[in-house]
Amino acid sequence: MLHTVNKSSFERNSLQTCLNTIDDSSVILFIEDGVINAANNTKSSMIADLATQGRVFALQGDVEARGISSKLADNIKLVDYAGFVDLVVKHGTAVSWV
Amino acid sequence: MATKKFMYLNRRSSFGTVYAIESLEVVLIAAAFEQDVSLAFMDDGVYQIVEGQNSDGIGMKNFSKTFHALGDYDINKLYVSKESLEERGLTESDLMPLVYEDEDDDWAEKPSIKIVTNDELTAIMSEQDVCLSF
Amino acid sequence: MKFAIQVNEGPYQHQASDTAFQFAKAAIENGHEIMRVFFYHDGVNNASRFTLPPQDDRHVVNNWASLNIKDADGEPELVVCIAAALRRGMLDESEATKNSIEGNNLHPAFRISGLGQLIEAGIQSDRLVVFGD
Amino acid sequence: MAQICGADVDEEGFLVNLKDWTREIAIEMGKSDEIDLENEEAELYSERWEVLNLLRDYFEEYQIAPAVRVLTKAVGKKLGKDKGNSKYLYTLFPYGPGKQGCKFAGLPKPTGCI
């Protein structure tokens, strides 16, 4: 499955709830304000393990728009919209954590 | 028409935003398509099905009553997050007693609500073909 | 691959419809099919032909129209939920006439239909992706 | 906008404000569809009211107008198995038990109108 998260963990618990129910083969893509979760900050530990496994992606346009390109946490993979489409194709059912 | 597994993810309470009632509207329509439908209530979404909602004071329709009709619409898989309930100081007894009549068991009345842990919910979600978030 | 998209938020208020548009555009450019975009909740406001953004802003409604998403018979597959639309004052000519209201605001690249269209899109597509708040 | 007994109705004849409903309105709606809901001696009079009352009770309880198959099930359960079929309900309300029945009973259009 592909889980998209579009909220900052400083605003809502969408990422936490996503993490609570994500299975071992699923990946996470941060979009919109969700990319704030991809920045290196006090909540980065939430996704550190998954990122190490190469299972955390962030939408490049949203990262750049928010000025956090140079502040990304370790092992976050950036994708463009075509990459987003590929993730949906590759990972089956898409779940949006809004 | 092929049968797919549809899950409706409900994570917000009843009246603050339109999502809860318009989610229920989709569910009622979806029933006519004879798909495999389940509803998940997580986070503040668990408040959608607590007993004793009364919206008279806010001038809005009390659509919590409509959840009681879901059994008649053959929608009887309502998964409620155990952790979300606990975080909010709620237990199963705070929820509406939603039931359906089991055609395969001489129409015996059975509970539609199932309290599930995060791990159980993970397994259920993994089987879904379509997830609609509200 | 055949995609369906659900858009739950209005334009300009939330990024959801912009992201959905960029996703749809990228999918089409990469050889996929968008079989239907279903607009629900405040998402129905993406269909207003009265939308007039300032010249230096993107035009969300025209963006959708530019994707030219239609079925084999040429009918628009940018579908606006009728229940959500009527509640929010989004009307096509037929609904306006039926309800004795003068004028209508649905952009011709869109059509109004029932919630069944969302379920059907979920059944017929390979993937349904939700964009919302 | 059209009116029946002073109450606004939409283009399909449904009440705009459900609180306006009265028995007289139902009778008037019946007349325009050539269905007698007034005269107790009329054919199917009590059978029709039995279903209309059930529809009103259903709406009071669940806050929705039932889809036809749900109505059929409810009729079978409450009014007897022999009545819980769409043939019987169409005999009572030839334009559709969901649509015509809900209209007479002062309910919104049923969910499940796809």
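Note that the chains take the letters A, B, C and D in the order they are written out, and that residue 1 is the start of every chain.
Note that contacts are C-beta pairs under 8 Å (C-beta built on N, C-alpha and C of every residue); 3 or more make two chains touch, one makes a residue touch a chain.
These numbers were taken from a predicted model, which means no experiment stands behind them.
K.L.:
Could you find the chain whose CA centre sits the greatest distance from that of chain C?
P.N.:
D
K.L.:
If I rank C-D and B-D by number of C-beta contact pairs, which comes first?
P.N.:
Result: the pair with more contacts is B-D.
K.L.:
Go ahead and note the Å separation of the Cα centroids belonging to chain A and chain D.
P.N.:
About 51 Å, centre to centre.
K.L.:
I'd like the Å distance between the centres of chain C and chain D, where a centre is the mean of that chain's Cα atoms.
P.N.:
35
K.L.:
How far is the middle of chain B from the middle of chain D, if each middle is the mean of its Cα atoms, in Å?
P.N.:
The computed centroid separation for chain B versus chain D comes out at 29 Å.
K.L.:
Averaged over CA atoms, how far is the centre of chain A from the centre of chain C? Could you give it in whole Å?
P.N.:
Measuring from centre to centre gives 26 Å for this pair.
K.L.:
Which positions in chain C are in touch with at least two other chains?
P.N.:
8, 114-116, 128, 130, 132
K.L.:
Of all the residues in chain B, which ones touch at least 2 other chains?
P.N.:
Each of 25, 29, 32, 129-131, 133 in chain B touches at least two other chains.
K.L.:
Which chain A residues touch at least two other chains?
P.N.:
93-94, 96, 98
K.L.:
What are the touching chain pairs in this one?
P.N.:
All touching pairs, sorted by chain label, are A-B, A-C, B-C, B-D, C-D.
K.L.:
Which of the residues in chain B end up touching chain A in this complex?
P.N.:
9, 11, 42-43, 83, 118, 121-123, 125-126, 128-131, 133
K.L.:
In the complex formed with chain C, which residues of chain D make contact?
P.N.:
1, 10-11, 113-114
K.L.:
Spell out the part of chain C that touches chain B in their complex, as residue ranges.
P.N.:
Touch list, chain C to chain B: 6, 8, 40-42, 83-84, 114-116, 118-120, 122-123, 128, 130, 132.
K.L.:
Which residues of chain A touch chain B in the complex?
P.N.:
Within the complex, chain A touches chain B at residues 1, 13-14, 17, 20-23, 93-98.
K.L.:
Can you check the complex and tell me which residues of chain A touch chain C?
P.N.:
Interface residues on the chain A side: 4, 6, 31-33, 59, 61, 80-82, 84-86, 88-89, 92-94, 96, 98.
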